[in-house]
Structures are given as structure tokens and as C-alpha cells.
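Order of writing sets the labels: A, B, C, D and E. Residues in every chain begin at 1.
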Amino acid sequence: MKQSLQEVSNTGSQLSRLALSHGKRTRLWRLLYGYGPRNGSLLVLPLDQGLEHGPTDFFPHPPAVDPSYQFELAAAGGFSAIALGIGLAEKYMAEYCGRVPLILKLNGKTNIASDAEATSPLFASVEDAVRLGADAVGYTMYVGSPRQHDEIRQFEKVRQDCERYGMPLVMWAYPRGSAVNARGGTNTLYAQDYAARVALEMGADIVKLHEPNDSVANVPAPYDKLQEDAAARCERVVRSAGRTMVLFSGGEKNDDDAAVLRKVEFYMRSGANGVMFGRNMWLRPFNQAVALVRSVHDIMAKYPR
Amino acid sequence: MKQSLQEVSNTGSQLSRLALSHGKRTRLWRLLYGYGPRNGSLLVLPLDQGLEHGPTDFFPHPPAVDPSYQFELAAAGGFSAIALGIGLAEKYMAEYCGRVPLILKLNGKTNIASDAEATSPLFASVEDAVRLGADAVGYTMYVGSPRQHDEIRQFEKVRQDCERYGMPLVMWAYPRGSAVNARGGTNTLYAQDYAARVALEMGADIVKLHEPNDSVANVPAPYDKLQEDAAARCERVVRSAGRTMVLFSGGEKNDDDAAVLRKVEFYMRSGANGVMFGRNMWLRPFNQAVALVRSVHDIMAKYPR
Amino acid sequence: MKQSLQEVSNTGSQLSRLALSHGKRTRLWRLLYGYGPRNGSLLVLPLDQGLEHGPTDFFPHPPAVDPSYQFELAAAGGFSAIALGIGLAEKYMAEYCGRVPLILKLNGKTNIASDAEATSPLFASVEDAVRLGADAVGYTMYVGSPRQHDEIRQFEKVRQDCERYGMPLVMWAYPRGSAVNARGGTNTLYAQDYAARVALEMGADIVKLHEPNDSVANVPAPYDKLQEDAAARCERVVRSAGRTMVLFSGGEKNDDDAAVLRKVEFYMRSGANGVMFGRNMWLRPFNQAVALVRSVHDIMAKYPR
Amino acid sequence: MKQSLQEVSNTGSQLSRLALSHGKRTRLWRLLYGYGPRNGSLLVLPLDQGLEHGPTDFFPHPPAVDPSYQFELAAAGGFSAIALGIGLAEKYMAEYCGRVPLILKLNGKTNIASDAEATSPLFASVEDAVRLGADAVGYTMYVGSPRQHDEIRQFEKVRQDCERYGMPLVMWAYPRGSAVNARGGTNTLYAQDYAARVALEMGADIVKLHEPNDSVANVPAPYDKLQEDAAARCERVVRSAGRTMVLFSGGEKNDDDAAVLRKVEFYMRSGANGVMFGRNMWLRPFNQAVALVRSVHDIMAKYPR
Amino acid sequence: MKQSLQEVSNTGSQLSRLALSHGKRTRLWRLLYGYGPRNGSLLVLPLDQGLEHGPTDFFPHPPAVDPSYQFELAAAGGFSAIALGIGLAEKYMAEYCGRVPLILKLNGKTNIASDAEATSPLFASVEDAVRLGADAVGYTMYVGSPRQHDEIRQFEKVRQDCERYGMPLVMWAYPRGSAVNARGGTNTLYAQDYAARVALEMGADIVKLHEPNDSVANVPAPYDKLQEDAAARCERVVRSAGRTMVLFSGGEKNDDDAAVLRKVEFYMRSGANGVMFGRNMWLRPFNQAVALVRSVHDIMAKYPR
């Protein structure tokens, strides 16, 4: 059951405070209030691991190698959106149109060559997203990579096209490359906090981050002296992202359903707008995954935005 | 004898499940049901070895250095298509128009300089393919090359042009470069399986792969522990390619006709859509080659798609 | 209270001597005579530190991580303009439109990767500035970087767009990179003097510089033999900038209000057109910061331009 | 005396078998049947040595430093065309228009910097060639250079413009760079044979090659085992070039007129379409050069194409 | 007093022999016959040293740091043109329009980073030159730099724009980079002679060169064996430049007026079209500089072109 526009203007406080074009407002509304938990939070199912990591990621649950599996799950489970690339969208989405919104992932790469100077090239365009009826585009930014100038220039083109077409922009803000490693690695609070701010200042509408860990080895000051617990760390990065909505990633698969649900609650409590869980969803047997999604909905229902 | 449109809609299940533009559907139909085995399988004759390897490849059978030889063979043998570059298409195809479809190979390079950072530059465009009446374009992607960002960005332009003109896109998905070598080489199951998935996620309609070998030296986990036989390996990569149709390459010349036929049957049984055999065809005396193609037809007739 | 056009033509001598397009003249007038001290001097509040240095810079005064803090301060304090990037402008400026002019910073980068070959990529365009109602754009030029050719080519595009749209151009002229370090570092008189001249010759309307220090270690002749006091050094770089107006940066935070005010007076006396102080403003408690700005106004009132 | 169109269709077998646009056909006809030997063979006078090698090449015959010398020689001797760059064409060709066709050389470079990663940048366009009334354009391709991707991408733009304007394309196919040197050098049969095929597959109408030598040191198999005489080597590369017409280069100056004539006859007998001799022509005293050209005409008259 | 068009056609032999567009002819006429010595020779005052060398160059005569100084001198002294960049042109030229022609220098760089792979990026366009009423553009080409491919490709765009707008093109042909140094350095006869020819073949209308020195250390044959005096060396490079007019640079400041005048006479006698003297002019006290220019006029009057 969809909400009326009136209800939206009541619940959609995070949209009403933003100066959005009609296109962006319409599409963001669909993601936040038209699908998924429908309360301003976001539950996104990503499927770009086949490209980013290779088919390896499907080995624990072989049926997942067929993209129909993830589409079925996204539709049956009531995800806010499915996030994937142009090849999968064009070849598999026809029968799911209208049942689950699409976040078209625009860039990507294999993990075969070194990540020391990582850069993620575009293989689809915002125009493709419009043509396919997508409600947002996804862009991976390797924050701090020695090739960040290429990354950023390419991003600029995408951002401008998003502006022109009223297309919301989700940034996968991933600290990456030799300089990040030299400063403690990709999942430190330092790196995730910086990534959150980059997404805000560069104009992402939504940012996907990883939960910051407590490692301080090689981390620059003053982060090396911070002694914040996990909740404070998450709240910090959410704060640094400002009015850019934060999604936390699920990371690798956790077999324990309860642990996954605790994670969701933990992220929502920190102020995040939602989660983007892939392997923790689609590496489960179908019915078990659907049941887990329902429980996630129950948690997210407590955190309207 | 061509099939009626009714017959096509019966046999062409692999096309009917895809959301194709009229142009792509028309051209794919010609390749799959209008020429060659006409049952949805594909038998392609490639001629890009002179550029990719030098005239060396013609030494075992000198008449093959004249491109007319391959055009004659493609027409006489009833190939689904001939795949070659702009120079050969423009200078030799005039008298074969309508007798054999053209897959215009858009990029290529010599093998003189090192392949450590391989990239394959465009030397023709999708517009050229339209102008020449081609039914598909071919694009070599060096999967995992340290220059994959260049490869992918260039591919993106081609893919978009294919979308605009309704031109099917065949990806030569070749693992290549120093990082691939460090992980076991180009023909391992790991590399071919990854290449298949890249083709799917990036939006190729058809992918040309090599038969994965059983080498596990230096191959990443979990591939290093897989103990699958040759059939299972081929089936795996076909599965990873999803709705992207797979063609297996013939590789170097095998003098034994029966062995070639066994290979074709083996690939078709694994779920492939067809084969792309060059040297195993055009390095044979003309009549012997035509006879071999007829036998290949007989095999492929058993595997409608 | 705004000045009449008549008053402008009396006070605006620095504009009247320049052959400016209507657009540039109008926008520069707003910055120089319509807001801030309104006497031809400039008091700019920058907020790009979150991107350039990471959220680290907000640690001394946590409320400053919320960009609304700086917008409130710019409006309440009567700054000539606030200078920030597209993400902050789009998500926070709606309620401040008309209350404080915008200098849209067009390029930027993180400080994670090495600065040895620093280059600052564009992440917004002059068109964005026009759309957002900005009165100038900001561009960081890493003077003397081994990648200066990329820097300069990118700048050229921005400069031409500024010309086309009548948009004033503020250059953050920052000596940077391995060659600058080998010649004594970024804040020497040699480096700042050169940066001032680069801004003039390349066509900046306003240049942001740092106060040149007295270090002569490794500095090229004849700068290594100059024995000028701090005032003479500032006057020299102002002279080298010619008709490009100079803003001096505040640098790191100084807790002593009086010291900040002495700095402002010192810079104005050297012939600068104004100051761009960030952390020295927004790392103070709000009311203290506003009070400090008022005192800055009093000083700048003595230096009409 | 020009030939009628009827005569052309009799003699011009090499044009009639090609599917050429009207523009290409018209311009090729002028080069092959309208000027020079007028029998389908080609005698081209190149003048790009001043750029490619420096004024050094003119030292043996100082009058040759004045480009008028070569224009006079081309007109008086009855060359099929003169091949040179935009600067020389624009400043010297006015008085020779109609007297000798122009092949506008589009790219070039000095030989000062290392050739290990040679690439030859464009300094004129096909549009320039059209504007100047040229009958073909020339393009240097450094076959096998580590930067071949740049070479080829740049070539692709030229080739497309040639297609659009109906402009014949002459490729200077020069094996060059560290990898070529490692495989035996630029003038081996291996290198020249590969270059011939590259020209054919990439779409050159005419290719300029060097006579392959008999060196097999470091040459890849099976070329290292070939024991072909000079004639067989030339015939081989002509064969590898297929329907792309071959011109052999004259190389360095040979003072012996008879030796030059033997070379021409030798090349024509091998199936080449003609020769491009520069220093062997314009380093001779004017009258001697004209007399030599007449003798070359007599030889070429025996080899209609 | 300007010359009539009739007088021009008498004196302007160097223009009448060239096939120039109306725009180029008009603008070259102004430079050669409308200003300065008005007899076909050229006396140009350059001011790009602040960017190319830093404010250092103004130290010997501090008033010269104010660009008005050079504009005043150019107008009062009767220079053929002043050559400088977009920033100086836009901010200082308004009051000198019509009094001295402008050569807009389009590219440039600082000398902070290494020149081993020198390249000079564009920071203004031919369109800017048109808009500012310039009579020519200036372009620095680092002849023989390992990045010459970038240099040349960028030049090609400028040359085409010059063609389109009828804008004369002055090339600062500067041998530069590691390979030039390895062959004896930038001011040898070898290097300057090559630079002169590059300017001619690439299509410059006017080339600025340095007087070739007599150093033969590391210089390639046959230059290492040449024993030509200074006059012969200058004449040689003028000859190599062909119909591209040669300006010799003044180089560093010479305090002796008579020596400067001897230099001018020497260059004119060698066949040069004129001189481009900067520091030898504007580092002198104003009246002394004006007096010197008058004497230069007297010399140049003896060398009509």
C-alpha cells in the first residue's frame, strides 16, 4: 500500500529540507516511501560482486549465480531497490519492472589487477539509467587513490548528468589505494569518516559506507588517539556525511540471522538511513532470505526518516 | 531455406526472453536463424589473425593469406557469420554481401609489443558496421589488464553506440596482462569464468571464450581446490555468462578432423551457443574445409537454442 | 544598507580601470560593495577543509562539522561571501540565498595520496555556479606541480567559461609538488611571489595567497639574498599580482583574537584586497566568532579599494 | 594527355574490383591514371625529411633545402604526386596547383627524442587536405610500438574522416619501437610483412613499405628459418598487403643512377604498385634528377596495373 | 603615417608570394607595414617572463613589474607588437588599443618543475585573440621534447583555429628536454636549425629562434663538423625556415646599448625578418629604452622585406 502525497510531506522531512529538482524528488520518494520499508529508510540489494570479485562470491550458494535469483529475492522480499550494472539490468529486469526499483551501477572493474592505483571506469551512463527507468545511479569513488583525479573528473560528468536528468546519485565511497593502506587501511574510522565527507562535499545524495573498525595502526592524528566505541564511530561518520544519507554495507556473509538483524538495528540507531546487504541476503536459501528481509523490515519500521 | 517468423518465435526462445530493440532482434535473428545452422546456434569464421598475430598464421596454408579464401569458405560452408576488421570488409566483401553475414571487429592490435598492460584500440566504429550492413560488432576486452580502465571506457562508447543502432555486441573476453599471468594464466577456469561474468555484467550479447583448462598453479581460491572435469568446467563458464550466449574458440589448428568435430559436440553439450573456429577451418584445403563445416552443421543441428 | 551605483563609481576605482564584461562587473560589485565591508575590500569564509583535509579540521570545535554552522556565521557576521563546493551549496544554501554571496569552489581533492605531483580535479562547472546564483567561482592551481600542464589546461576551460558567463574567477594559487619542495617549500617569498604572478598572467580576477615567510633555505636566487621584513614581503607579492586582487589566507587556527585582528590589519596595510579566514573564524564559539568578524569589519573599513 | 574514362575502366582493374566511394575513386584515378606514369602505377616524391630527420638530409645537395626545388622537380619530372606536410603545402604549392597532385602528410615528429615508444602526432587534418585540393592523405603508423594504442586510435579518426570525404589513405607503415628492435629490427621480412598486413586490415588504400632485408637475428619463428631471396621477400609482403597497393621506399641516397633504376624495376616486378623515392631524386642536380625520372617512367610503363 | 595599399603591394613581397586568407593577410599587413618599422620587418616586445621565469626577471629594474611599463614602452617606442598572455591583455590593454598591436601568447608554464619532458599547456584560445583584437597568436613548441606528441597535437588545434579565423601564427620554437640536452643543448646550430625547419613544415607564419652558438659538444653529425661563423649560422637557420619569417630573440639583458644595436643589425643582415627583444628593452630606464628603440628603427629601416 503506497502512501499518499500528504503522508509523504509529513514523513519525508529529509526530502523537504533539500532543494531538489522535481525529478530527483520524485525518484527519491519512490526509493524512500514508495518501496521497501516505505518510511524514509532504505534497504538495498546489490549485485555487482560478479564483476567486482568474480563468480567466486556465488560459490557458497550456487543458485545465486543466476541473476534471476536476486531479482526474485528483491521483489519477494520488498527491497527498496536492487543495485546492479547495465548487462544484468538489460537481460533480466524486464519481468520485474515496477516490482522493484533499479539503482543502475555505472562504473566497476575486476579485482584482478592491483588496487594500488585503483580507478573504476564507467560502463554505463545516466542516460541508460533514464532509459531503463532507474530511480538512482550508483558510482564507486575510490577515495584517496593516487588516481583520484581521474575518479573525480569522471564523477563530475556523472553528477552533471544526474543534475540534468533529475537522477539521484548514490556514491559507493570506498577508501582505496596505496596511500590509504599506508594510513591504516580502508575500514578505519579515519578512512570511512573522510569518505563520508567526500560524498557530502562532492554532491552525492546517498553514500554507501562500511562500518568503521577500531584499528588505529598507522592512522593519522587525531584519529589515532580517539577511543570511541562502535556506536560512536558510526554516529561520527553519519554526522560527517551531513545531509547525504548513509547506507552501511553488510560486508561478507554472516551465517547467523540474529547477528545480521543486530547489525541492522545498530546501523539504524547510529542515524544511518539504511543498509545495503548483498551476500548476507542472497547467499541464503530463498525462503530463509525472504524471512530475514521481513525481520529487517520490522526493525527499520522503528526508524522513520 | 529461411524460416518463417512463426518458426522463429517457436525456436528463438533465447531471443524471446530478452528485452531487445527491434534492430538487435532483427540482426540477432539473422545470425541465429537466418544463416549457418539456422537453429539458434552459431558457427562463426574469424579472420583477425593477420593483425593480431601477423601473417605467420597463414604459413601452414599459404592460400589463406588471400582474404578471398576465407570469404569463399564462409559462403560455401554456410557459416553464420564471418568476423573481421574494416580493411578486409571494405576491400573484399562486396561480392559476398547477402551470402554471409558480417561481424565487424572494431578493435585490435599487433602482438609485437608486450601484453603486460594489454589494451586493444578501436580502429572502426559501430557506424562503420551499420554502413557496411554488418549484423554484429566484435570487441576484444582484455579482462584484468592493468589498463582495464581504458579498455572498459572504450567499450562503454561501443556499447552505447550498439544500443543506439540496435547492433548486437560480441565480446572477445580475453583474460590478459601481468596480473592474469600472476594468477595462473589466461586459460584457467578462474580466468575464463571471470571473463564470462564480465561479459554478462557489462552487457555483451555474445561472448567468445576459450575452453578452460585444468591448471590450478597460482590460481586464487576457491578455484585452486576445484576438481571439475572438462565438461563441468565448460558448463560452469556457460552458467556464469547467464543470458549472454557463449561461443568457444577453436584455438590452434588441429589436423585431425574427427578431433575438431568432437570439440564442437563437446562445447555444444556444455550449453554453449556455438563455436568460433578460424585456423581449424581456413588452414585446411578448401574442399576439406567445406566438408568439415558440413559435419559441424550436422552436430549443431542437434542443439537448437 | 547598499550603496547606490553612483557611490560605486566613486569607490569602485579598481573595477572602473578594468575592461570587464557586464556580468563580471555586476558580480564583482556585489562581492566588493554589496556585501561584507562594502568598501571594495573582501572578507571571505571558506569551507572546503572537509574535502581537502578531512573531517579532522572540525575536531577542535565539533559543531563546525555541520555546514549550517558556517552558513549561519557567514550570514550573521556579514561576510562578503562563503566559498565552498557543489555538495554543500546544493544541500545547505537554500535558506541563505540572498543573505550571503556564494563563491563556488570548482575543483578539489583529498590529501590522502601524495602531493608530489598534485593536481586538483574539477567536480563542478561554471554552469553550476550560474545555476546556483554564485557571484564567483574558485579554482585551485597547484603552481609548479609536475602536472601543471593538466592543471593549466583544466583551468583554461574554466577561464573560458567564466568569460562566457561573466563569472569572476578566484584562484587559490598554491605552490605545490616535489619541485616546489626542492626549492624551499610552498610558503616562501619565492613561491608566493611566483604564484601571485601566475594568477595575474593567467587571468584570475582575485588570487588567494599565503603570507610569505622568511625562509631562504634552498630558495633560488635572487630570493635567497633578499632581506625583506614581513611587510615588504607582503607588499611585494601584492605588487606582483598587479591588477589581480589579493586575498591572504588565515592558515591554521590562532586562539588569540587580537592576533587575528593584527593579521588582518597587517594584510590590508600591505595592499591586499582582503582576507579569506576559515578555521580562524568557524572554529570559534558562534558569538565569539561573530564578534570577531565585527572587529575585522572595523579594520577593513579603514582600507577602501 | 589524359586517358578517357573508357580507357580507365579498361586499365583500372585494381580500382574496379574495389567498392570505392565516388570521391575515393575520383582521387585515386587522378593519382593512378591522371598523373605520373598514368598506367595504374605510382611514382611519389616525398618531402617530410626536414621534419622527420632535420635539415641534415639536405646537406649533400644544399639547393634542396628550398621546398621549391622539390615542387619544381615533381612538376617537371611528372611525378604521380608530391607528399608533404601542411606548412610546405600552404607556403609553396600555390604555383604548382594542377601541375602535380598533393598527398598531404598528416602526422609527423622530430627524431630528437627516443623512438623506443614512438608515436607520430597529427599536425593536419583530412579537412585540410580537402581544402588544399589534395588527392590523398598520408599517415605514419609505427607498427608494434608500445604506444600503438595511441597510434591506432588516432589513425581511426583519420580513417573515418577519409571515409566521410572520399579521401584515399596512404599509410607509411613503419615497424618501430623497443619491441620491434628486440625482434630483429625495422627492416626484417618479419617486420615488413607484418606491417603490410596491418595496413590491409586497418583499411589503408596504399601502403609505403621498405624493402625487407635478409637479417634473421632475433626474428620470431617461422621467419627465422625462411630462406627466401630478395624477390621472394618483396613478393611476400606485396601478397600480405592484399588489395592495399604497395609502394616501396627508396631509402638513403644511391649515387648510381643505374642502381636506382634496377631498384625500381625490381620493385615493380615484385608486384608493387610503385615507388616513393625522395633523397634518391631530390639530392641530385635538377637536370640529372629529371632525366632519371624519365627513365623511371620508361620502366614503370612496362607494369600497368 | 600609414602606407597606402599600393605601397604595401610594392613593399610586401613576402606577403604577395604567399597564398594567404584575407584575415591573415590583413593582420600580417598591420604587423609588418602598419606598425613598428613599417617596412616588412618586425620589432616585437615580449612580456611572458613573469610566468615563464617568475618575477625574478623584474628584479634588475623594479618598475618593470607593473605591466603598464611595457605597454607604455611598446606604444611610445613604436613596436610592431607586444606579445603577452591573456591575463595581462585583459587587465592592461584597454588604454593601448590601436596604439600597439597584440600578439596573444596562448600557452606557457612556470619553470619550477623539471624541463626534462617539457610541455607548454594552452591557457588561452585563438577565439580569445579574435575577441581581444589581436593581430597574431604566439605558441611555444618545445621541439624534441619527449612529450612532443602532446605539444604537436595541441599545436594542431591552434593551427586549425588560426586557419579558421585568419589569425597569423608565431611559433616560439624552443628545443627543449632531456634528448635535446643529450645532443648538445638548446642553442646549438643543430637544435636551432632543426627548430627552424619544424616551424616551416608545421605551418608557422613567423618563428622566434635564438641565435645559434658555435658549440659542437655532443652535437650530431654533420653539425659537429661544420665550421661556420656566426653570420653563416644565422643565415643557415633563416634558410631552413624558408618562407616562415624569422625573429631572433634578444636573450638576457646586455647593458651596452651599442652591443644591442650591433646584434639587431647582425640579425637583419642574416636575412631575419626582425627581432623580439624583451629584457634588453624593458629592463632599461624608460627614456633610455625609447631612445634605444628609435635607433633600432633606424637600423631596421635599411632592411625592408
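As a convention for this text, contacts are C-beta pairs under 8 Å (C-beta built on N, C-alpha and C of every residue); 3 or more make two chains touch, one makes a residue touch a chain.
Chain by chain, the UniProt names read as follows: A, B, C, D, E = fructose-bisphosphate aldolase.
Bear in mind the structure is a predicted one, so any value in this text is a computation, not a measurement.
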Review point. How many degrees of rotation map subunit B onto its copy subunit D on CA atoms, rounded to the nearest 5?
Key: 70
Exercise for review: Could you tell me the distance, in whole angstrom, between the mean C-alpha positions of subunit C and subunit E?
Suggested key: 36
**Study point:** For subunit B paired with subunit C, centre-to-centre distance based on mean C-alpha positions, whole Å
**Key:** 57
**Study point:** Junction residues of subunit B, two or more chains touched
**Key:** 150
Study note, to complete from the structure: Listed round the ring from subunit A, going first to subunit C, the chains are A, C, E, D, B
Point to revise | In the complex, subunit A residues that touch subunit C | key: 18-19, 143-146, 148-150, 152-153, 155-156, 159-160, 163, 175, 177-180, 183, 190, 193-194, 196-204, 220-223, 236, 239-240, 242-244
Exercise for review: Would you tell me which residues of subunit E are touching subunit C in their complex?
Suggested key: 48, 50-51, 54-56, 59, 65-67, 84-88, 90-94, 108-110, 112-114, 119-125, 127-128, 150
